[in-house]
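Several structures are given next for inspection.
Next, two complexes with subunit A in common: one pairs it with subunit B, the other with subunit C.
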Partner chain A sequence: MADNQKAVGVSVPRIEAREKVLGRSVYVDDLRREGMIWGKVVRSPHPRARIVHVDVTEARGLPGVVAVLTAADVPGDRYVGPLVKDQPILCSSSVRFEGDAVALVAATAEEVAETARDAVRVEYEILEPVLDPIAAMSPEAPQVQAGGNVASYSKLRRGDVEVGFRAADVIVEDSFSTQMIDHAYLEPEGAVAEVDAEGKVTIWVCSQYPHYDRQEVARVLGVSLARVRVIQTTTGGGFGGKFGSPLVSCYAALLAARTGRPAKVLYTREESLRTTVKRHPYRIHYKVGATRSGKLTAVEARFVGDTGAYLVVGRAVVGKSTSHGAGPYEVPHVKMDGYAVYTNKAPAGAMRGYGVPQVAVAYESLLDELARKLNLDPIEFRLKNVLREGSQTATGQTLLHSVGVAETLERAADARREMTPHLKTGKPYLKRGIGVGVSWHGIGAARSPSQATAYVNLCGDGSATVLCGSVDIGQGSNTLFSQIAAEELGVPLDQISVVTGDTLTTPDCEATTATRVTYLSGNAVRLAAEKAKGTALELAAKHFGCLPEHLILARGKVQVPDAALEISLTDLFKKHAVQQISALGVFSPDCTPLDPETGQGSPHATYGFGTHVALVEVDQETGAVRLVDYAAFNDVGKAINPQAVEGQIEGAVAMGTGYALSEGMIFDRGKILNPSFATYLLLTAADLPPVRVGLVEAPEPTGPYGAKGVGEPSMNPVAAAVINAIYDAVGVRIRELPAVPETVFAALKTRQPLPADR
Partner chain B sequence: MRSCLPDYELVAPANLREALALMAGEPGAWKPFAGGTDLMVLLEAGKLPHKRFLSLWHLRELKGIEVSPTAVTLGALTTYTEVLRHPVLQQEFPCLCQGARETGGVATQNRGTLGGNIANASPAADSPPALLVYDAELELVSATGSRWVPYRGFHSSYKQMDLRPNELIARIRLPRVGRPRRHYYRKVGTRKAQAISKVVFAGVAEVEGGVVRDVRIALGSVAPTVLRCAKTEAVLRGHPTVESTVAAAQAALAGEIAPIDDFRSTAKYRRRVSLNLLAVFLQSCLGTVEQGPGPEPWYGA
Partner chain C sequence: MSISLCVIVNGNEHHLDVAPHHTLLDALREELGLTGTKRGCEVGDCGACTVLLNGKAVNSCLVLAAETEGAEVVTIEGVAGREGLHPLQEAFIREGAVQCGFCTPGMILSALALLRENPRPSDAEVRQALSGNLCRCTGYAKIVQAVLDASDASLVPGFGRPEGLRPSR
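Our next item is the complex of A and B:
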């Protein structure tokens, strides 16, 4: 870029930051359309029941009510789902979780719609719900779905674990369980739909994947894709929860199509907590062996992910646990068995980390146990085993580049040294400890082909527009795209306009999930921009009679640096009768899918790694755990916008610490007891220390400027680090998340005496 | 179901006399509305039975903190922010300040009032244990006059209290003791802010030569009302804070509290932690003044 001004690798403010701070960004809730009606969903109060009768007469008769719809009113397909179509838009014969949708009402005012919703009379025959995922696996258990309760089974077989455990001098084995948590984004789900004069439907929705919403809306309405346009509104967080659950778009679309009036459906916080997708709770059993010298010989694990009433992406989440279940370590013998199981609970779906945080808690806990048994320092022990360039992963993939995990561990050792003087509290009942957690995350979905597409239109004045399907959900990808295009095209950031999230104009790039946007779509944008530049330079090369390689493009001019010659793009375009240069960039990562029998393959082109260090304080009189200090080292390949990467990591630490210490849906016989932020306990700023972020950049040659991604890799090790720190502080192993005061307090009562008291 | 705002009525009388006259005219019809931080939660949840509200927020008669040689008197509208910033309260009634600091978050502290906290009568409220150990008295006013009652005994059973339908809480008086005391306040929740207490403990003691001359202990979230623990105090009064006294006091406390299981915690946990906090309090009586673990400065990289 001109004047040595770089756009990549520089901390730049979000392009939309000002709008957001000034309150000018338009969220779904801000949308009003002429004649708009409000939709509300009638939901089951029972986790499992047969629908005997639905009486809508009273609701229909209320003044102001314009529609009351049941399953019979759905014109197209009635079932949706990203992997299998198992979730009814509106249930007709049975309900499978507390909150399952039974009818849809709409009225001219929100309050009237609420009254109408409560006036729909549904008669249920209440059935015993299936709640325990292990019990659900038994063939005698009542069936949540017709095909049986075991929704998926994924395997990994590498070497022979029998041989591996025979070679081990020390073996540790334990069971763990993790809880159901919610994404808890500030903005709940919502959509507005409108039908135009031609009968085409437009939907505005906060979403991680507008193109998928379009697919499902088109199916449910029974119309072609081209007749549905989905526009993503400014999205107040997603974390996986606004992907794979197209219901809110479908509801708004159904109402608009049925009534001809614009319709808005906006979930309340309670509705969002009760009914939208969650993180899979896991039951986990692990066995890990190592030699006396500290080399891992075998890992065997079995885990069951409770996917709730519908699969959503449960099969893929558990599959990710299977491929990542041996951690970022070289292990010769690995056996993993993962199951996704249906129960009568809110469906679990995608959530930041996608099956990895759960298993990371288990294997990182056991690695600490092994280190203790072997009398090895936990970081040294891990360093003996971590993946390095040339290592093979548990799926048999050889990693040739960008394996920065050892460096994250080395930096973690320094951070731990800095924390050590702060282990003293001066009070006998307050104990402090330091824990580390290491994890990894494959970039992109574990299947092929997975591809990203972008267009770049280079204008005569050097400015450009970027069109890409990957939406920004608050993580900053639009800013990243503009940085990449600016870097390639040699213009300042404000000369780039980014268009995303409109199915009418942008290509389908798949979802903003799986830590895939920087790597896949960043590459697509870079390729498109590079191509556009290439075309411009070829034109200029003809003009100057030189080779394009000798030219540079900057600030709307092509320069021949050696000869101090230049021509503006405007002049160049005029000369060649070109209005603008449009280029298409397509990127597909190089991976091979996993073999279903052995789980072997190269599911991801590259991996992000991280080591996190937590210093906690445990109050032995109350069991309360406080995070005192935290250091996070993540190998991101290259930080294109360091400030945004730091933001991702800080957010991940808050989210991961909540996962470790406080969050969780609390159930009573299948009913959620805490559907509010007063009772579903997210940690607050008062609970979290500033996070020291350390960026490790082991460049990925196939990534844009070496970048990989950070969204999920930063989340995965957090709970593991916190749980290991609790052990270090008070010598109790927390096997059940979250480590709320009651859990820690009960564990303290059963504790063995500490080897050496601090 | 959420509530529809146009269905509600709110009046804002110009002064206390007008407010009390309204209440006298239709006893029980007008629900006092101070900061609204409890009432608005009920409104959002659709659980607010009242339709007519009397805003107290602008009544100057119910505001302000007055310091005399013998007492500190707080208007019922005193907010948590005002409490925790007040130098005399910080000096002589630190448990109240600590409770205020740990109530909700900053927004709630700016808007929530002591009068509202008392009248809401939650057994899990965070200020009442502090008010109890400081022997607070309440002034209750109506159109016909005013009466002072000790706060201890004000709550008779779950959500029941000695407040007539035509009365408001006007002021809260804290007698100044003038002798050095040890103060201990501890709120136990799952998080540091915006937490509803699992257990809240307040204690003050006068200790001389290792002997407890006088002591006051109160807890929240362990009984249908906030609780002043007279029997436990009696066991301690006049005794040295040695191990056997601590054990006897714990036994007495176990008999006084009646915690329950709910989704926020368990009876067992609440009981054990109450006893542990009593021990920590008594240990702290031997040492320097302790007000629970406070916020810690970060010692960055």
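Our next item is the complex of A and C:
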């Protein structure tokens, strides 16, 4: 970018912030179309049942009702799913979880649609639900899906754990369980669909992957992809939940196609909490060994992820746990067995961290136990084992660059020192403790090939348009793209327009998931901009009769710095009859898939790392745990927008602390008891202390300006740090998340020797 | 059956006919097209629908429209003045307090109600005042900072973040 002016590495405000603070951003619920109808979904009240009969007569007869659809009315394929097509958009013969969709109604007003929904009579034969994932694995268990309840099995074999445990002086072993949580974005799911005079369908939807929604809508309607256009509306959070379940788009599309009228389907909060994808609850068993000198010798783990009624991305989530289950440590002998298992519960899907936060709680708890047994400081112990440049991961991948985890640990040690004076409470029943959590996250899906694509159109005045399929779901990627293009093209930020999230105009860039947007799509944007600039410089080189390398592009002019000559792009383009320069950037990370037998390979081109430190206070009389102070150190490669990166980390700390302490779907015989924010407890501003964020930048040579990503790496260590802090405070090991007061209080009662008073 | 009422929204008088069970949120969004007020739950749990009703921050999904006869309502659309953005809006932009933005209108109105009552709040007072407004993206850190920045407290040296807790980089 021009001389003193930089766009990368600067905390510029996000490009749409002004319209958001004015209340002018258009979210899906804000859309109104002439003649629009409202759709509502009839859902099963039973976790497992056979559908005997659906009677829609009464609903159809209500004034204002314009459509009542059942499975038989679906013109195309009835099943959707990103990995396997196992989820019926409307069930015809059986329902597999409380909330499974049975029929779809639409009316001229939302309230009438609600009445019609309740007037659809469904007769069920109630069946015993499959609820416990371990019991579900038995061949005698009733089958949730025809192919059996074990949906996937992923393993990792490195070295020989028998040898590793023989070499260990200390071995610790324990079981853990983690709960089902919801993404709980503030904006519930919704979509609006409209059919034009030619029969082409347009869908507006809050989504993390409009191109995937388009695929499913086209299949369900039985039309070609080119006849469906999906436009992402301003999206009020995603965290994985608005990818992998494009049902709401299909519902709106079906109603619009059937009635010829624009149709809107918007989930209520209750519907969102009860029926949309969740974080996989896990049952985990770990065994970890180390030598007296504090070197890890072996890690063995077995975990079962409860994927609910449908797979969604369960196989990949559990696969991520397997490849990440040894933590960011050098361990010579590793054995992992991971299963995704069907049960009659809401489907679990992608959620920030994929399968890593679950296993991080287990291995980080056990590393603390080992450190205690070995009489080593927890941070020192981890530093003896942590991955460094040149280390091999548990999948056998040698990391050559950008391994900043040791630095995050060192900075964490400083933060811990600063917190130590605050351990005293002055009240005997209030105990404080400090815990550390370390984690990592491979950038991008463990899938090869994977690709990101962007176009840059450079105009004669030096301004440019970026077109990219990766959507902004609130994390700020549109701003990031504009920063990258501005940096490459040498113009101020306001000279860049970013177009994302419209399948008609933007290339399919895969989903906004897997912490992939900065690294993959950021690279694609950078490559496209670089190429557009290169073409402009070549034209100018001809003009000046020099080499393009001797030229620079800034503020719409090509300059020959040595000769103090310049030509505007406008003149240059005119001379060569060029209207604009369009360039395509394509980026594919260098990975090799995991071997299915050994789990060995290089699944990710690069990894993000983090060490977090939590200071908690435990009220021994009630079991209540309060976060008092928190410091988060994440190696992000390079912070292209430091303020936005801090914002991601701060959000992750709140989400991760909620995971550790308060959140969780509560079930009674397969039915969710707490589908509201009054009973599903998100942390509020009053529950959280200010968070200190420290950015570590170990540059990734293949990343845009060295950047990697931060969305998930910042989430993964949080719960582990909080759980370890509880142990440090009161000497009880919480093995079952969340650490709600009842759980902590019960653990305190069975506590063996009291820790020395502080 | 519908109820006729007159309500002042963002300084303008509106005559509305509302159903007796319709909420202020319904009236603002459906009747007046003021969609800056968000619906996140419709049962008073999330704060996305916060507006000022006679100067007090309320969840508009919990107020019946019919109850607002003669009342003064301020929504996010009425926060900026002719001169431009309100200092709170400026601070939200500057501090990076906006991510997905869905909680932002409600947050700004809760903060506005706070600063009118207490122009120099502490960190803890801001957190308390915003505790009815959920945000899933930001962890509240930058929102709290933005409110402190926009308050009179920002004129006091060393304001805002508690000692020793400045973010380090």
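As a convention for this text, the second predicted complex is superposed on the first by the 755 of 758 C-alpha atoms of A that agree within 3 Å, B and C clash if a C-alpha of one lies under 4 Å from a C-alpha of the other, contacts with A are read in each partner's own complex, and residues count from 1 in each chain.
In this section, a residue touches a chain if its C-beta (ideal position, glycine included) is under 8 Å from a C-beta of that chain, and two chains touch if they have at least 3 such contacts.
These numbers come from a predicted model, not from an experiment.
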Does the superposition put A:Glu216 against subunit B (first), subunit C (second), both, or neither?
neither
Which partner, subunit B or subunit C, touches the larger number of subunit A residues?
C
If you stack the two complexes on chain A, which partner ends up touching A:Asp508: first (subunit B), second (subunit C), both, or neither?
neither
With both complexes overlaid on chain A, does A:Arg692 touch subunit B (first), subunit C (second), both or neither?
both
Should A:Glu16 be classified as contacting the first partner (subunit B), the second (subunit C), both, or neither?
second
Just to be sure I read the superposition right, which of the two partners does A:Thr684 touch: subunit B = first, subunit C = second, or both, or neither?
both
Between subunit B (first) and subunit C (second), which does A:Asp629 come into contact with in this model arrangement: first, second, both, or neither?
both
Regarding the shared-chain residue A:Glu187, is it in contact with subunit B (first), subunit C (second), both, or neither?
second
Counting only touches as set out at the top, which of subunit B and subunit C does A:Asp368 meet: first, second, both, neither?
neither
Is A:Asp100 touching anything from subunit B or subunit C once the two structures are fitted on A? First, second, both or neither.
neither
On subunit A, which stretch or stretches are contacted by subunit B in one complex as well as by subunit C in the other?
268, 418, 629, 677-678, 682, 684-687, 689-690, 692
Subunit B residues within the subunit A interface of the complex:
1-2, 4, 41, 105, 186, 188, 190-196, 198-199, 263-266, 269, 272-273, 276-277, 279-280, 293, 295-296, 298-301
Partner subunit C, residues of subunit A touching it in the complex
11, 13-14, 16-18, 20-27, 29-30, 32, 183-188, 234-237, 239, 268-269, 418, 473-476, 629, 642-644, 646-647, 650-655, 676-678, 682, 684-695
The subunit A residues in contact with subunit B across the complex are 111, 114-115, 118, 268, 415, 418, 422, 427, 429-430, 619, 621-624, 626, 628-629, 631, 661-662, 666, 668, 673-674, 677-679, 681-687, 689-690, 692, 740-742, 745-746
For subunit C, which residues count as touching subunit A in their complex?
29, 33-43, 45-46, 48, 75-77, 79-80, 85, 89, 92-96, 98-105, 108, 123-124, 126-128, 130-144, 161-162, 164-169
